[in-house]
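Please go over the structures that come below.
In the two complexes below, chain A is the common chain; its partner is chain B in one and chain C in the other.
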Partner chain A sequence: MNFTFRDKRIAGILTVLPEHEQKFADDMRNFDFPKARSLKLKQVMGYDRHRLVSAGTCASDLAVFGLRHLFEKGLLTPDGLDAMIVVTQSPDFFMPPTSNVIQGELGLKQDLFCMDITQGCAGFVVGLIQAFLMLEQESVSRVALVNVDILSRKVSTKDRNSYPLIGDAASITIVERGTDPSPIYANLKMDGTRREALMIPAGGFRLPSSPETAVPEDVGDGNFRAKDNLRMDGTAVFNFVQVEVPPMIDELLAFAAVPIDQVDWFLFHQPNKFMLQKLADKMKVPHAKMPSNVVEKFGNASGVTIPTAITLNLGERLQSESFQVCLAGFGVGLTWASMLMKMGSMRFCGMVDYPEQGDR
Partner chain B sequence: MDVARPPLSMEDWEVRLNEIAEILRGIRPEFDFTLSSDFFTDGMLDSLDLVMLVSALDERYSISIEGTDIVPENFRNIGVIWALLKRCGVKS
Partner chain C sequence: MDEFYTKLAEILEVDEVREDSQLESFPAWDSLGVLAAIAMIDSSYGVNLTSTELTGVKTVGEFARLVESRRKA
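Presenting the complex of A and B:
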């Protein structure tokens, strides 16, 4: 499905990272894995360190901290928001929505359209599409898109397919009407028949959590995880990305009539360095145009890796410069989505640490 | 050995066999890869090993194996690995 939006822009992005950093070298002590193989894995996949929340920290805590930071710095006014979209797979509760929790904690006005979207690694692009759709209404002139996940709390520490790469983070993206004449192009695809490639099997109504679902099981290759934990079929997900993403980008660029060499940056979701470099090679995009340094420095925080890539690699440059950027997210659902837009003239674009107070 | 042998002279095949076996031993030194016809079924490689193998082959032969080719079927024994390398442009 293709989309075209006009007169919309991203006015600012703030990434919120838990200050606790864990080293890959320490993680590997959880596994029966020779040191030489760990080092090779670190080099190829780009694992090095990741940011993780403490046991008591929830998604709304990171989001409230980030929004308060913007209010206190005078970069955003509470009454200036007309809608808030929260994209997360790790909500505070089944009910109420996390967006309402954040609204209540911050005392935001009642005239605020609060919406939760359950999405993962494609969640930044999906959230932007939803924000742009809301901005088609005259009554909506500014939307806060909150992407947040704290999935480290759902990953088995004994699962070396998932634990070393997982990260926790939030981002707040302010989306407004703009005057740049360049349209924004997007496309989106979903395939629920492959939904089991990435899932948390227990904890919903289909399979409620119980003492049995909390028991770690031997799932082969020296990995142990419970049904309460995140499960990723790494081979299936890798193959999905390599098969589906390059043609999606071809289709997007053809739809926008923009040659690939006119794109300044390819800011893609970052599961690991190897997967991104294979995508870049397939698309004949120089590795330097497709940064792959987020998972190495912070871990993979699903929908937050794209805004983290933006704030880490472009940061304050986006306050004075403008770039043609191609965004792409792919993951749970399965969902894959991309967007081509001019990005720049932001009021802010940076990162802030969330101070942890609880125990890990 | 019980591995499908591609159409190479015996001498060339031995060279390739040893080269690829050496790369595999660099990843999992505890196994003799020349004795297996399916590394995955025999528990000698897992999905992370596959990633490391692709990276090592890319580096050794100065190629980039396409992401869509990175499936266990293309890496289950030395014969199919060599067939893939040939498709990627590696000369006999």
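Presenting the complex of A and C:
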């Protein structure tokens, strides 16, 4: 389905990264796998190091830290927010919503539309669509879109399919009314029949966590994980991305009537370097226009990877320059979504480290 | 399909593969090797296979024939 939005803009992005950095070389020791193959995995997928929270750190902790940072630096006023959307798959609780936890911790006003959205790797684009829809209301003039995931706490350290790539992070994106005459275009598709390609089988009401669901099982190829752990069917996800994403971008650009060579940057979700380079090749987009350096530096924090790719690669420039950018997220659901917009003249666009609060 | 054999040998980190070579006999035929092969047949032949579709495939020759049949389909 297609969307068109007018008079909206991203005014600033802040990425919050846990300060603890873990090296792939250390992860390798947990794998039941020949060292040469682990090194091959590192080389092909672009694994090097990733940022992980400590055991007690929750999604709201990263978000509260980031919002407080913006308040303290004078980049955002608490009363200036009319809505807060939190996109996460790792909420503090089943209930209440994490957005209310953050609202309460920061003492934000009651005239604040707090909303949680359960979304993964497409969560930045889905969150922006929701923020733009809210801005259609006169009473809403500024929305804080919080993307946050701390899924490392749900990944088995002995699962080579998922552990080396996972990262934890949060981002805060301020979305406002704007005056740029060019519309923002977006499209979105979902396929729930393929929902099991990416899932955490246990822990919800369908299969509550129990001593049994915590037992690591030999899932073949030297990998061990429990039903409480995140499970990813790597080749199914790879095929999904290669088959669905290029036509989605073609449709978006046709809908917007913008030729592909007029797009300055392709800021895509960052599953790993391998998948992004294959995607760029298939779309005939130069690798230089599609950054793929987030996983090697920070890991893949699902919905936070697009804001991380933006702040890492274009942080300085987006405060003074303006670019035509194409965003795309794809993952859990399955969900795939993309957006074409002018991005620039931001009030802030950067990254901060979240200090560890306790022992690891 | 000589080109396919060459590309597969590269992924399996050997000098050459033969039609009757057993895929399971190559140490590099693990989840990473399978993914690399799936990516290769996608970019070179426009064929998308899942790892489930590959589970019944035992030899290099069977793999080549599967790719060839999907290409025509």
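Odds and ends about this structure:
Note that in this section the second predicted complex is superposed on the first by the 360 of 360 C-alpha atoms of A that agree within 3 Å, B and C clash if a C-alpha of one lies under 4 Å from a C-alpha of the other, contacts with A are read in each partner's own complex, and residues count from 1 in each chain.
Keep in mind that, in the parts below, contacts are C-beta pairs under 8 Å (C-beta built on N, C-alpha and C of every residue); 3 or more make two chains touch, one makes a residue touch a chain.
These figures come from a predicted structure and were not determined experimentally.
The superposition on chain A brings chain B into a clash with chain C.
Applying the stated contact rule after C-alpha superposition, one finds that A:279 touches chain B and leaves chain C untouched. By the touch criterion defined above, A:68 reaches neither chain B nor chain C. Of the two partner chains, chain B is the only one touched by A:241; chain C is not.
Of the two partner chains, neither chain B nor chain C is touched by A:297.
Of the two partner chains placed by superposition, chain B and chain C are both touched by A:221. In the superposition on chain A, A:161 makes contact with both chain B and chain C.
Touched by chain B in one complex and by chain C in the other are residues 37, 40-41, 44, 160-161, 221, 234-235, 238-239, 242-243, 274, 278, 281-282 of chain A.
Within the complex formed with chain C, the residues of chain A that make contact are 33-34, 37, 40-41, 44, 160-161, 221-223, 233-236, 238-239, 242-243, 274, 278, 281-282. For chain A in complex with chain B, the residues that touch the partner chain are 37, 40-41, 44-45, 160-161, 220-221, 234-235, 238-239, 241-243, 274-275, 278-279, 281-282.
Across the interface of their complex, chain A is touched by residues 27, 46-48, 50-52, 54-55, 64, 66-68, 70-72 of chain B. Put simply, chain C touches chain A in their complex at residues 27-28, 30-32, 34-36, 38-39, 42-43, 48-51.
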